[in-house]
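In the two assemblies presented below, chain A is common to both, partnered first by chain B and then by chain C.
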Partner chain A sequence: MELESIIGIEIHVQLKTKTKMFSRAPSTFGEESNTQILPVDIALPGSLPVVNKEAVILAIKICSALNMEIAHTLYFDRKNYFYPDLPKGYQITQQFNPIGKNGKIELNLDSGEKLICTIDNAHLEEDTAKQLHLDNMSFINYNRAGIPLLEIVSNPDLHSGEEAMKYVETIREIVTYLNASDGKMEDGSLRCDINISLKEKGSKKMGTKCEIKNLNSIQNIKDAVDFEIERQKKIILSSNKVESETRRYDEKLKQTVLLRKKTSAVDYKYFREPNIVPIDLDDELIYDAIHTMNKLPSQYRVELSKLGLNNYEINELLREQDITIYYDELIKRGADYKILWNFLLGDIKAYLNKNESRIDSLKFSKNSLVTFVSLVKENKINSKQAKEILEEMLTSGKKPDVIISEKGIEQINSSSEIEKIVDVVINENENAINEYKNGKDHAFSYLVGQVMKLSKGKANPNIAKELLISKIGDYFKK
Partner chain B sequence: MIKITKNIIRQCAKNMMFDLTSEEVDTIFNEFDTVYAQVGFLSSIKGVDEVEPMTFPYKEHQHKLADDIPLKPLKRALALKNSNTAFGNQIKLPKVIGVNSDVDE
Partner chain C sequence: MWMNKSITEIHSALVKKKVTPIELVEECISLSEKDKCNCFEACCFDQARKQAKEIKEIKEEEILKGIPFFAKDNFSTLGVETTASSNILNGYIPIFDASVITKLKNAGMILMGKTTMDELAMGGNGTTSHKGVSTNPYDHKRIIGGSSCGSAGVVSTGIVPFALGSDTGDSVRKPASHAGLVGFKPTWGRVSRYGLLSFATSLDTVSYFTRNVLDASYILSYISGYDNKDMSSSTRKKEKYQDYVLKKKTFKKIGYFKEVYNSITNKQIKEAFDNLLSSLKGKGYIVSEYDYPKELLYALYPTYMIISCAEANSNNACLDGIKYGPGVENATSWVEYMTKARTKGFSELIKRRFVIGSFSLLSQNQEEMFTRAQKARRLIVNELNKFFDEHDYLLLPAAYSLPPKISELDTKWSSKPDFLDNILTLGNFGGNPSITLPLTFINNMPLGVNVTGRIFEDGYVFSLASEIEKITKLSNLVKE
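For the complex of A and B:
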């Protein structure tokens, strides 16, 4: 029997607002417990919810980036459940009229193939309080209660761990580039629940699904989904039935483990939230939200590909938005795309990581880096000199030409000057020349090294190589 | 339909963390006679069960959204005062998550 896995994902994105979804309590992360609360958040009698404008704007931006139809009137509903993480006894959500529906995104798979994943809806709601469960008691911190969430619900279009991972990664990239969320899975500002079921290939009958919760990294998504597919496959192929369960991923065991069985569907008795009358959004608000969106990763991807970067290089660059923006600006100022990528993602990023600093804290100007890249491109400095100059730029912020004149670093590009050095090297290294003649390539590298040594690293290595080849040819003719 | 008693009214008030005087309980209790009469009248209308429930009686939409500017939050001591089981900076409750619970964490 050939089985097919069906995967749908719900992503909760915490929106990057200063205040909560329905109250103006601060929504700052990491503050002391129970200090970010207003009466609405703990359901004190007489307090009423008012919808946060910024949360709506950020939701519109995300929905637009996900190619969704955007609702022009907002309706909210109550999801009723009795539990202390929301003291009202219900969560305010958008069950029946989500702010966005019918979206789609393109996923770039490692194979180079592209996959379209459709999205059913995106709806605004409020986060719940953070709970800490100990042996026989629970502790509640209401700071998180009421923080704006956008829940993005995919259709079951995904079929593997890689596809699930790429989907979440792409959504995370979009919301962080829009500056709509921190998108930090480890801090819980982006959380996902994954539903997985298996069915016979070609069959319309869906299998029993299991839900995986509490995934805290992109890599864990792939590992958890791949494990769960294999687990269900084994159950089905041994003629047993998959049970409806909520599971979590255990990083140490590298497997999903049972959290609880889903005995029956919970009836949340949804109904329209009577405390929020429908809100007609001004056309101007929607227009402004869409037209002030940051450039999206997909737009960068097209441009970077046209420049000549390959998929790996593009993915590495897009990992950090501030570095992408920096790169984009330097390209506009005329920097060579490849040389810039190498230094930016190599030495400069390593320096930033080591010093735990960000790209906007670099001591040198953007124009200095453009000049530096030009010097490398025009072979005015060799790679060894380039490293030395860049290191000095990073620590002192000096311009490359100042460093060159201060240190006396300048490449010798004069063929006649290099030729004199090459002649000396050939005269003094007969053995190496013979080894090279006998097919030992390392002997040639040695000879180049000798030229560089004699020139104190200043000779243009390309000219040195050309002259060495020509002179060695002459040497044997003699 | 549940018959509302004075005890139910007192208990509801208590659940919402305030007390009512006997006069206030009497006032609310007496208002239920009117409520029962109105509900009885509405129930007697033919076909009323087939009408979709309405949340808002009129098509009354608004444009108001809150500015994203924080207000000063409640002082923690004041917030925690609403629970009689505060412990340190947290609200303490008996553990309610069970192995077979369907409630989302």
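For the complex of A and C:
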């Protein structure tokens, strides 16, 4: 029996708004417990919800990036259930008329293939409070209660750990590039629930699904899904039945473990939230939201690939939006794409990481870096000098030409000057020249090295090489 | 004695310095202490004295300044215990004022305290408060009606000239009839509900009692208007509602429902109503009978019960004992904690409503019950709007019998409810402005008449009510 895995993912994205979904309390993360609250966040009797426009605008941007149909009237519904982390006894959500419907995104798989994953809907709702259990006591922190969430519900279009991982990674990239969310799985600002079931290949009959929760990194998604697929496969192949369960991923055990059995479904008694009359979203608001969107990773991909970067280079660059924007800006100012990539993702990023600083705190100007890149490109400095200059730029912020004149490390590009040095080297290295003649390549490198040494590293190595080749030719003709 | 006078009379005495706010407050306190109707929850007399002493001068245009009032116990009041007369909220002291309380305080009115009510505003008799039964000052063996029973009591016994209530089915307009008062329910959305404890959101309306129509119109001018804390509050421009009364801006076409009229069995009520109609005709009003569909009249009660219980069940889910209200000892799990808090905190009548509400929202019942009730509501309102296409006012008796005796009350639910008992819910379904005012006395018990108008025509409702007041000559009634 050949089995096929069917995977659907629900992602809860905490929106990066100043205030909460239905109150003006700040939605700041990491503050002292129960300080970021107003009456509605702890459901004080008589308090009423007021929809946060900023959250709606961010949701529109995300929906647009996910190629969704955007609702022109907003409706909210109540999801009724009792739980200690749910202050009102219901959650305000959008059960019947989500803000976004019928979306799709393209996933770039490691094989180079592309996969389309369709998205059923995206709906606005509010986060719950956070519980903390200690010994025989429980604490509730309502700071999180009411933080805006956009829940993005995929269709079951995914089939493997890698696909699931790429899906979440792509959504994460989009929401962070839009500056709509911190998108940090480790902080819970992006959380996903993954539904997995197995069915016989070609069969229409769906298998029983399990839900995996508490995934706190992108890598865990892949590992958890792959483990779960294998677990279910073993059960089915040994003629047992998969039971409907909620499971969590245990990082240490590297396996999914049972959280609870899913018994009969909870009846949430949904109905329209009567405190919020339907809100018409005017075309201008939607237009403005869409037309003030940051450039998306997918747009960068197309452009970067046209420039000539390969998939690996693109992925490495896109990892950080501020670096991508910086790169994009320098390309516009005429920097060479390849040399810039090498220095930006190499020395500069290493420097930033070491100093825990961000790209906007670099001491030198963008134009200085453009100048630097062209010095390298035009071979006016060699790679050793380049490293030295860049390091000085990073620490002092000085312009490259200033550093060059201060340190006297300018390259010798004059053929006649280099020729003099080459002549000396040729006269003093008969053995090496003979070895080179006998086909020993390292001998040539040695000769180049000698030229550089005599010129104190200032000779343009390309000119030196050309001169060496022609002079050695002359040498043998003699 | 000032507190048995109208707002406008007290106001002019204050302006002329014949009386001071602190004297009014002291009079109000001593009257409160003689209460025989069981009107009160927490009072804030010290706070009121302090506020009164701070008032130095009252200008001609400051109509409400310096005048004491009470609020039903389902308005959130800063620093003053608010329980909605339910044990589940015992000891709960709010940290914010309801928007309507803020507006009245800003106008200089003095909050004296809170009045008792049917628990969580569910009930029409004024008998289910955690503080017991409220009685009718005209006959203490009879109910005053609810759920705003305490507020009706304080206005009718002359303790204050105005008290806030709330009206979800007829919770102000029915007791107004039983207590010889003006009871006004504005258009839904005209007054902010922020801080009013929700019973059934789509029907709940901040409402109030006064002893004459002009006073009621002044109050609306102060408390209406958009509130950015209540998304359902209307952005329509505020009006000077007293101008409709003072300048007699009125419409002419009055209608009443034939089916309702024909069902009136009490001869004295019918006679009083007939007399009113002919007086109005004599004043140039066009009065006509209207055939409102009978089956929709019968649908009023079940539609009201399902929608209000469903919304109430959800609105009161926040009362779980965790965040406020008396907690629970020795619970070993959160399920046990909430269950104990709610079992102990609510009376049996409330639990019955929650069960009905919850049952009607369950997915297997929702289509047949909740959705159907909403469809029925739409039909009821569509037909009401058809009526208002041809008429400016709906005029009907506010009650069809004397208030029942407390000893004869039955908490069992009738399987064949009389639509006459539920006719005022029409105004809640449609969100229409609706006012009850005294029509007549029968065996020394007052009985009211009700005027309902088109939405946002609150001013025109006042103007007809004012005309009726002149005909009946029943205003400023006080039973001491």
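FYI, the second predicted complex is superposed on the first by the 444 of 478 C-alpha atoms of A that agree within 3 Å, B and C clash if a C-alpha of one lies under 4 Å from a C-alpha of the other, contacts with A are read in each partner's own complex, and residues count from 1 in each chain.
The rule we apply is simple: contacts are C-beta pairs under 8 Å (C-beta built on N, C-alpha and C of every residue); 3 or more make two chains touch, one makes a residue touch a chain.
Quick caveat: nothing in here was measured; it's all calculated off a predicted structure.
A.B. asks: Looking at the superposed three-chain arrangement on chain A, would you call chain B and chain C a clash or a fit?
C.D. replies: Once both complexes are aligned on chain A, chain B and chain C clash.
A.B. asks: Counting only touches as set out at the top, which of chain B and chain C does A:K261 meet: first, second, both, neither?
C.D. replies: first
A.B. asks: Touching A:L48, do we find chain B (first), chain C (second), both, or neither?
C.D. replies: In the superposed model, A:L48 contacts chain C only, not chain B.
A.B. asks: Now for A:G439: first (chain B), second (chain C), both, or neither, which partner does it touch?
C.D. replies: A:G439 sits against neither chain B nor chain C.
A.B. asks: With the two complexes superposed on chain A, say which partner A:G408 touches: chain B (first), chain C (second), both, or neither.
C.D. replies: In the superposition, A:G408 touches no partner, neither chain B nor chain C.
A.B. asks: Return first, second, both or neither, reflecting whether A:P39 touches chain B, chain C, both chains, or no partner chain.
C.D. replies: Both partners, chain B and chain C.
A.B. asks: Where does A:G473 make contact in the superposed view: on chain B (first), on chain C (second), on both, or on neither?
C.D. replies: A:G473: touches no partner chain.
A.B. asks: Just to be sure I read the superposition right, which of the two partners does A:G112 touch: chain B = first, chain C = second, or both, or neither?
C.D. replies: neither
A.B. asks: In the overlaid three-chain picture, which partner chain does A:K269 touch, first (chain B) or second (chain C), both, or neither?
C.D. replies: Once the two structures are laid over each other on A, A:K269 reaches chain C alone.
A.B. asks: Under the stated touch criterion, name the partner, chain B or chain C, that contacts more residues in chain A.
C.D. replies: When the residues of chain A touched by each partner are counted, B comes out ahead.
A.B. asks: Is A:Y90 in contact with chain B, with chain C, with both, or with neither (first, second, both, neither)?
C.D. replies: Only chain C; A:Y90 stays clear of chain B.
A.B. asks: Between 4-12, 22-30, 112-120 or 472-480, which run of chain C pushes into chain B after the superposition?
C.D. replies: Looking at 4-12, 22-30, 112-120 or 472-480, the stretch of chain C that collides with chain B is 112-120.
A.B. asks: Indicate the residue numbers of chain A shared between its chain B interface and its chain C interface, in ascending order.
C.D. replies: 39, 42, 44-45, 50-51, 83-84, 138, 140, 271, 274, 277
A.B. asks: Give every residue of chain A touching chain C within the complex, in rising order.
C.D. replies: The touching residues are 39, 42-51, 78, 80, 82-84, 87-90, 138, 140, 267, 269-271, 274-277.
A.B. asks: Help me check something: in the complex, which residues belonging to chain B touch chain A?
C.D. replies: Residues 16-18, 53, 55-56, 60-71, 73-74, 76, 79-80, 82, 87, 89-103, 105 of chain B touch chain A in their complex.
A.B. asks: Which bits of chain C are touching chain A when the two form their complex?
C.D. replies: Touch list, chain C to chain A: 74-76, 82, 84, 89, 92, 94-96, 98, 193-198, 201-202, 228-232, 310-311, 313-314, 316-320, 322-324, 334-335, 338, 358, 361-363, 366, 370.
A.B. asks: Show me the residue ranges of chain A that touch chain B in the complex, using the header's touch definition.
C.D. replies: Listed in rising order, the residues of chain A that touch chain B are 17-19, 24-27, 32-39, 42, 44-45, 50-56, 73, 81, 83-84, 131-142, 213-214, 260-264, 266, 271-274, 277-282.
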